[in-house]
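Note sheet for the following structure.
Chain lettering (A, B, C and D) follows the sequence in which the chains are written, and residue indices restart at 1 in each chain.
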Amino acid sequence: MDPSAAISELVIANRIVAHLKLVDSFGHVTVRNPENPASFFMARSRAPSLVTSEDILEFNLDSTPVDLRGMRPYAERPIHGCIYRARPDVMAVCHNHAHELLPLAITRTVMRPALHTAACIGHEVPVWDSRDHFGDTNLLVTTNEMGDSLASAVGKGSTALMRGHGSVIAGRSVQEVVFTTYYLRLNAEVLIKAMSTGKEITYLSPGEVDRAGELHAQPMALGRAWEEWCVQAGIAKLS
Amino acid sequence: MDPSAAISELVIANRIVAHLKLVDSFGHVTVRNPENPASFFMARSRAPSLVTSEDILEFNLDSTPVDLRGMRPYAERPIHGCIYRARPDVMAVCHNHAHELLPLAITRTVMRPALHTAACIGHEVPVWDSRDHFGDTNLLVTTNEMGDSLASAVGKGSTALMRGHGSVIAGRSVQEVVFTTYYLRLNAEVLIKAMSTGKEITYLSPGEVDRAGELHAQPMALGRAWEEWCVQAGIAKLS
Amino acid sequence: MDPSAAISELVIANRIVAHLKLVDSFGHVTVRNPENPASFFMARSRAPSLVTSEDILEFNLDSTPVDLRGMRPYAERPIHGCIYRARPDVMAVCHNHAHELLPLAITRTVMRPALHTAACIGHEVPVWDSRDHFGDTNLLVTTNEMGDSLASAVGKGSTALMRGHGSVIAGRSVQEVVFTTYYLRLNAEVLIKAMSTGKEITYLSPGEVDRAGELHAQPMALGRAWEEWCVQAGIAKLS
Amino acid sequence: MDPSAAISELVIANRIVAHLKLVDSFGHVTVRNPENPASFFMARSRAPSLVTSEDILEFNLDSTPVDLRGMRPYAERPIHGCIYRARPDVMAVCHNHAHELLPLAITRTVMRPALHTAACIGHEVPVWDSRDHFGDTNLLVTTNEMGDSLASAVGKGSTALMRGHGSVIAGRSVQEVVFTTYYLRLNAEVLIKAMSTGKEITYLSPGEVDRAGELHAQPMALGRAWEEWCVQAGIAKLS
């Protein structure tokens, strides 16, 4: 994949996460530069539903801009830069405030997958709390020190919730990251409703998480969802 | 009904279950070949909202393909093939992960109908758990051994939940299966909200289930819903 | 208002209750014949979203048809006919299965208004249970005996829930009935969420119900909602 | 900003709050006259989704009309007039019945922000109950005496819930008021779901509320949301 193809896919991903309401006016998706692992692409500060290829900027892994072209960047670049720096295997990152997972983020609930499609979120979703190390802030992750702390909460996994704020998702491709973001939210939504009934939840077993996780990382599963989302978001026509 | 009419109706059913959000990118509806009870029709591996008549393939009841025409089939064909094999009266099957019933699927809640329109789901909806007989898997029903186990959970009924996964619905026609799928979800959604209030639920009595179940299997009720769903899904115009 | 104007308004009401999802493929709105209080207008058996003026039939208060013109009527006509017969002040009736109020209908919860806009539902919404007097049925109100029983549960009020089934709403005009149907559902939805928190609910006081109820029956309030709903349902253009 | 620009922005705000379902047929947004702090602009009595610049009227701070031009005003003008009179810093006000916050309004729940985007609602959202001082009414705030009471509940803050009724939001600009209205609702929605799980909620600390509140009042954050909402509500085209 060359950089321009990566940028095209990133624009599509912005439209899809907006269409699926995984983001509102805030939140962002990024992709590592396929030709230069020391930089990544990210839109200028704009609602994801409105992002076009003209809005995509390039940043170094310390989140300094390569060239702002007169535009204003998102303040929370370090969420992305610090994860790319810590995790050479990660090619794409999403940060979002999906409404349905916020009830878990504000109750510091460590989530586990209970659905086979949600195995991609990993065995446990840690909850990172900016207050633990940084005290009273505006909760935005705007420094590399905060970004490194969040990246270390993600660890070798693919997801973390952020207390009072939202979530972060890392993956091997833009398509995988959008897929994981979608099913992270669904897992949260289903768990919250299950909890409201007071009934005991049967989570996936560790072995099931491993096996189902492998499955949904395959191009077949990702591709089936991606094809539909492109049509739904108005990117592709239904043939 | 000849096979081409069955295929047309199957394509419509795919659009309807997608429009009603009974499926997302995953899930499938199938119909038995009206001219050959030893085979059934099912789309190639594709999101239901995108399925056209070009995508429909034919499978034997052991879920081997009659002719793939170079396409990739769904992996979970045995859900369908095994039910058709075990139940000569069944003419259509739907497998789905409707979001609103997942809280019951992950709490292994045996559901009973509490709404007269949901009498079609039967007296009790069993919960099948792949782990009971097959241990740690990726939860997909991809072998005839698993398919037979699921079919035996459905038994002589029309529905089963699948723990951590979704549900399966069997019926005497495509229209009946879509109707039952819709009201299975509604029953789940209403029960979950009722449970969250802590109040005692009055279910239909066994006699009510029998009487209301007969009613909603009649062409009049099915036809009224089907006519509207065709318009909503863009298949038919409002006259 | 002459009969043709009443029929036009009834068709609009069908579209509005469908657009607002107060009905799905089932449920119906009717209006008394303004020139003959001994009959009422009701669509033939069809999903409300599809009803046109061609579909409107006339029925006597015992729910026998004046002239079916070869069409099939709804089976539950007695819900309407019996209320018109018992209540000369009632000019319009709605029967629906709005999803959000079903959790209260299946828990036999006697609802009271907690919102000023819901004062129109009356001091208390009784729950009518067909099983109390008629034993095991398919729950449909298809005889005048059942219709009279339901009408007597409504009494001098404007609403009743029907256990395992839905609700009925009576009013002095089509616009009032749609308004009450909308806010009956909203009151139910808000109460269910409030109940799920376990917190104590403050209902409107009896005096507040009386005063707010008068207010929302005025043409100004009804008209403001009706104007918007006509635009939303595609009946009128936004000027 | 001249008055005509303020009126244009007010019309856009009406469309946006309707599109975001922050209001239904009831509720209103107003703006102080930028050239005359002793008056404010408000639509005639009409559903917000339908409001055009022709519908905008001017009122004095005692809520008497400057010139009705033959139109009927909203009855609840004193909600706005009394806040403008008490708070010279306030330039815009919104009154709404957003469905998702009504469960807190009817349980008299004093809300605190648990999301960084909701810091704009202030440290605590008081619940004003018309019955405390005015006894049994129709709950509408139609006199200056009631309006002053509500304004004094808002105090130096930006929000208050109204028991059995809805909420009021005050801000330094129309854009800020719409933003605060949106995140007031989101905070309520997330809290209610969190409460339904029975888990302990971690609210923002007072220091976090102050810091995050400053952040989201900045033009950058407001502008990002406003740009997207204008496109969503059909006011602006996506470039």
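The criterion applied here is as follows: contacts are C-beta pairs under 8 Å (C-beta built on N, C-alpha and C of every residue); 3 or more make two chains touch, one makes a residue touch a chain.
Predicted, not measured: the structure shown is a model, and the values here were computed from it.
Common neighbours of chain A and chain B under the contact definition above are absent.
Different-residue interface: chain A and chain D share under half of the residue numbers found at their contact. Rounded to whole angstrom units, the spacing between the C-alpha centres of chain B and chain C is 32.
Averaging Cα coordinates per chain places chain B and chain D 45 Å apart.
Annotation for chain A: residues touching 2 or more other chains are 196. Every residue of chain B that touches chain A in the complex is listed here, in rising order: 24-26, 45-47, 49-50, 52, 72, 97, 99, 102-103, 106-109, 129, 131, 135-140, 163-165, 192, 195-196.
On the side of chain C, the complex with chain D involves touching residues 114-117, 119, 186, 189-191, 193-194, 196-208, 210-212, 214-215, 220-221, 224-225, 227-229, 231-232, 238-239.
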